[in-house]
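The letters A, B, C and D name the chains in turn, as written, and every chain counts its residues from 1.
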Amino acid sequence: MSPGMSPLQRMGRWIGQHLVLAGGILVLIYMFVPIFVVVLMSFNDPKSRLVYRFDGFTLQNWLNPCADAAMCSAVSRSIQIGLLATLIATVLGTMMAFALVRHRFHGRSVANLAIFLPMASPEIVLGSSLLALFVAAGFAGQLGFWTILIAHIMFCLSFVVITVRARLAGLDNNLEQAAMDLYANERQTFLRVTFPLVFPGILGAALLAFSLSFDDFIITNLNAGNTTTFPMYVWGVAQRGVPMQVNVVGTVMFVISVAIVVGVELNRRRQEKALAR
Amino acid sequence: MTEVATQPPEARERRKLTGYWLLLPGALWLLLFFLVPFYSLIATSLYDPEGSILTGYDMTWAFGNYVTALQDYWPPLFRALWYGAVATLLCLVLGYVLAYAIAFKAGRWKNLMLVLVIAPFFTSFLVRTLSWKLLLGDEGLIVDTLQFLNILGDDGRLLATPFAVIAGLTYNFLPFMVLPLFASLDKIDPRLVEASRDLYARPIVGFFKVTWPLSLPGVVSGTLLCFIPAVGDYINAQLLGNTQTRVIGAVIQSLFTDANDFAIAGALSMILMIMILAMVLLYVRRAGTEDLL
Amino acid sequence: MSQVAESAETDGSTGAGSAGSGLHLRNLRKEFAAFTAVHDLDLDVPSGSFFALLGPSGCGKTTTLRMVAGLETPTSGSIALGERDITWEKPYRRPVNTVFQNYALFPHLDIYENVAFGLRRRKRKDVEREVDAMLELVELTSQARKKPAQLSGGQQQRVALARAIINRPEVLLLDEPLGALDLKLRRSMQIEIKRIQTEVGLTFVHVTHDQEEAMTMADTVAVMNAGHIEQMGAPAELYENPQTTFVANFLGQSNLIEGTVRGRDGEDVKVDMQGTVVTIPGQRAHVAGNAGDLGWVGIRPEKVLIAEEGQVIDAPGNSIPGGVVTDVSFVGVSTQYLVRMPWGQELTVFEQNTGRRRLFAKGERVDVSWRPEYAFLLDHTQDRAAGRDEDAD
Amino acid sequence: MAGESPGPTAGSGAGRTTSRAPGASRRTFLKGAGIGAFALGSAAVLPLFGSASAVQDPATCRATDVSQRDKRLVVSNWPAYIDVAEAGDDQYVTTLQEFEERTGISVSYTDDVNDNAEFFARVRNQLGACEPIDRDMMMLTDWMAARMIGLGWVQPISAERVPNLHANLIEPLRGRQWDPDREFSAPWQSGLTGIAYNASLTDEVGSFEALMTRDDLRGRITLLSEMRDTMAFMLKVTGGDPDDFTDDDWYNAIDYLRGRVRAGQVRAFTGNEYIQDLTAGNIVACEAWSGDVIQAQFDNPDIKFVVPEEGLNLWSDNMLVPNKATHLENAEAWIDYYYEPAVAAKLAAWVNYICPVEGAREEMEKIDPDLVDNFLIFPSEDDLADTFDFMALDEAQNRQYEGDWSDVTSG
């Protein structure tokens, strides 16, 4: 025991030192409360389809995830759109990021601005302007899967560029020069050094793009025409009684994404350890 | 990029060309599906207000649409800006505490906490918001607790109030605040904070003189990433709010899809876009972080 | 630069009575979750001295420094400035300032504001005049409005120094202040810091792992190892008469040869060293000295004389025959030999290149010898290799 | 916004003043000229963006009917609007299953109509461009049915193929002005709009006037977001006649509503979700549709439906066949089937809305005698004597009133 401090002082100091951490943990709990509810409700056995509250425990929702076929087709449509949008946006966005970081040319600032602007536009504006275009161009009748996909790629693109660009900018130029010094030609340098180093950034961007696409309601709703995605389905059922299977989907999405993030992190650590050895 | 300058001119030209080729597909996409639609939106905002689904719509330079739109819909417009601003401020406070805790206090739990921050982001936005509806409901746990503690009157409620809308917005956009804040805070050398203590700055002064200014880039990008989508969002206002909390996003959406009032809807979208761009520019100028963009 | 000293009014927080009576650590201890960084340390740093805390990385010296600065709370023990106990004082309330490793200059403030930071926090008047004077002292007046990132390493170092000194702390702590500089710059900064210390007359506590730096700059050096102070004293005294194998090895190099104590001869101790009996003066023998005890006979390489086999060596001690040169490195001012002795140990020998004698070649047989008053005797329970090869930079 | 900062500021401090100035100003000029030209060009292009009328002619905008060789039918309906077998009941054969067995037509049935306006928005772009919406039948409320028929988006139903419709449609639903001969539409179910309340939480609420003014209900009621439903009663409360009102009547009514909304009486304007709020206790009373309330009563007997003192608002949801539907004949078979009294009674026993089919009441005796005398399912001629409807609006009125309506509902 330190003689200079009373127990009260020590306690005060301890609280002072841990106050911020405690606050941070409280904020995290705030972020997780609805997730707990989602997981809990996925095991709910509702007495009435009209009342959204926990009535009893059941596994039924998990055993029959597709009790409402419309939900499952909406989910699979959202996944299809999400995967396609992610793939295309990630490829295009990564190319743009490389161009912006590794190449000098006229109009860079314009390009940067063009990438920033979609992020600075509220979704409702993005969605309505796309709709205005489709209507004016006579594509109103074609609204559906493809128009949703076009819109999703558009708004994912900026996020991909920003994420990959950040990773690329943080990369040590010397590594590439070292590779060239060690007889790697430009293509080999890219494949053996640059790409593996940027890959975590690209993967992060792809994850972000997928979740943005899978989650989007506002832009999609304006440009979906007759097609229903998962968020649109949820929006619809929110007005007439939510099937608990919606929470199953929410829980599965949560678990898969956390597994991916944790997997990537563990893999990184393993590699680091292997390197350290 | 110094090596570029030392390359022979042809090589430099070739590199430049490669740059253009890399940029082209994405730029084309943005041109076709962001810029052209934006034109189309401008045109829509100038449609003849008398146009209807029966007669079709013509572009007649009807600038009056902007006046009409503002006259009719200024309350939801300013409401949306107000909710967005309050939610952003709350996000900033909560996000700062969390990001600060992760960056400086979490120790070996740092990565875990970061994963936890991103995790809720992957559960569908709408499903999470429905959970809030359940939590905030009149018969829900939170209301009961608050009533028990006499913070809320017996007939008090949270759901269908601006409070619920702002809580939902804050909740939904919090990760967008925490991540850039963390990125900024994590870069700060803890010795700088120690140095400020050593140089007679009390913790609070040290925070405002050292930590805060150094985290400004994160503050600016975090607030932008929160504010912009929060202003345009109407899911929270619709699911958690009431008739008094209708926001501009819902108005634009319903004018476009239900009322077929393309002209006013377009004008409102333009007004929203212009206001947000103006605010962002002003804000970024004042914060002195133009180079961020 | 006397105006700096004159302009310094007595600071309220300094406490008039305590000024000039030094820093005192009593039973200072710091435990972290897994290990104890500092073991019950006692230390007195006289006021106005240039004190160096020397040790390998991880020895607890930086932790000690941080406890003095208030950046780390001791587990037990006390820290006092003169009469005033500052053990639990918040860092921003202590009249102690630090020059951080890598400087920790505020990147968002310019040089001027970095230097003014402490004065402004204490709401001092006349900030402008003091900062100007300080910038002049460290010769950075022309750089006042630059950001730290625009300065060279040496300039940044001077800013860090100025930023701390301007507060006229009772104790200035320097945490490896020169580690980030290249050798040449380090030499000139060593001289510069010494000059400033003499000019401003503050107590400096300098933490370093560089024994040369410590010896060049400090009046008093404390060698620290694994949370303990091994030995403390003037640099020459430490070097000439190390009390532990750690100090003997960490501060310069030593040849440590196993020997058996034969007994005392007045003040001196007689030791049988591999068949040769050597005499070691009493104040250099750091063992109990009972007959039959084992001990380490230590001798610095430059004190060892080397000669052709059978040649008479100009030394009063015994010459030890039977050495074979196994390695020769020509360094310029001196030559370093490794000589394998009959008992298998290799001794290191430095010989000044006075030009009076030829160099020996590898494989030649030689005799070695040294004057008994240069040898020292250490406790055999200590590790012969302690302190060797640590922080070999 | 790096793109907007003028060039010269980027230069380093030295040597910028004289040597660069002419170049910079020329560059600025060029830049300005470029922006100007760009703006002019854009302005010239803008008028090209317009959009055509969405009116179609059902006679030309039709697809080949493949009903004979492709025995399928795609139906979009409101949720909980058709009978389903209770869990564990293997005996019950639904009307839909029976239809499939009898006709060999396989039906893909979805309940994706939540709101007339929302559904309209969903199909508007396709139907307005004469594109298929991949449905053969949709059920929409009178006013929306009228609007769609007016836009020429609905296929006519051949009278010969739906004899039951013309024989069995109850009298009050005949002769509607927007489709007097039921050439395009056939009522699926009808209903009444009235008041529902939770008897465990409040006293009876007997009239809209009470609903809108009682202090103990403040903030705990909802109204329907269907303009016609709600405004009909507001007109009644303020002394107007929903069947025939003037602009002044309209403004009185909308001002009254706005005043009550501002006073915090109304918690929300809702679609179907009001029934959840009512059962969950989030609200204690609301404007409601009769069938929803009867269904909710099975879960919670405290939920009561009241015919308001202001009168009855009778409406129907109508079966419509959209343009470009490829199974018109199958759709007609469906309509004719549901106009068989026995089938209609079976359906009515489940959905509990007003049955539009003559003779179903007699059939109901065999199914569930309790429901025979429920006037919310089989109203008498007297009951329906003082029902009112919302007058037809032209596009200009529609836009005007919808605008006013959304002003109020958006605060």
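Simple rule for what comes next: a contact is a pair of C-beta atoms (placed from the backbone, for glycine too) under 8 Å apart; a residue touches a chain by one contact, two chains touch by 3 or more.
Being a predicted model, the structure only gives us computed values, none of them experimental.
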item: Fewest hops from chain C to chain D - one hop per pair of touching chains; value: 2
item: Chains touching both chain A and chain D, listed by label; value: B
item: Most distant chain from chain B, judged by the mean position of its C-alpha atoms; value: C
item: Contact-richer chain pair (by C-beta pairs counted) among B-C and A-B; value: A-B
item: Centre-of-Cα separation between chain C and chain A, whole angstrom; value: 55
item: Where chain A and chain B are represented by their mean Cα positions, the distance between them in whole Å; value: 15
item: Mean-CA-position distance for chain D and chain B (Å); value: 33
item: Chain A, residues touching no fewer than two other chains; value: 52-53, 112-113, 116, 132, 135-136, 238
item: Chain D residues counted as touching two or more neighbouring chains; value: 1-2, 5, 49-52, 122, 124, 128, 280
item: Interface residues, chain B side, partner chain C - complex; value: 189, 191-192, 194-203, 205-206, 209-210, 213-214
item: Residues on chain C engaged by chain B in the complex (per definition of touch); value: 13, 69-71, 90-93, 96-98, 100-102, 104-108, 117-118, 121-122, 163-164, 167
item: Chain B to chain D touching residues, read off their complex; value: 39-40, 42-44, 46-47, 52-59, 72-73, 75-76, 79, 137-139, 155, 157, 159-160, 242-246, 250-251, 254-262, 281, 284, 290-291, 293
item: Chain A to chain D touching residues, read off their complex; value: 47-53, 70, 109-110, 112-113, 116, 132, 134-136, 138, 140-143, 224-226, 228, 236, 238-241
item: Residues on chain A engaged by chain B in the complex (per definition of touch); value: 18, 20-21, 23-25, 27-28, 30-35, 37-38, 41, 52-53, 92-93, 95-96, 98-100, 102-105, 111-126, 128-133, 135-137, 150-151, 153-154, 157, 161, 177, 211, 214-215, 217-218, 221-222, 230-231, 234-235, 238, 242, 246-247, 249-251, 253-254, 256-258, 261-262, 265
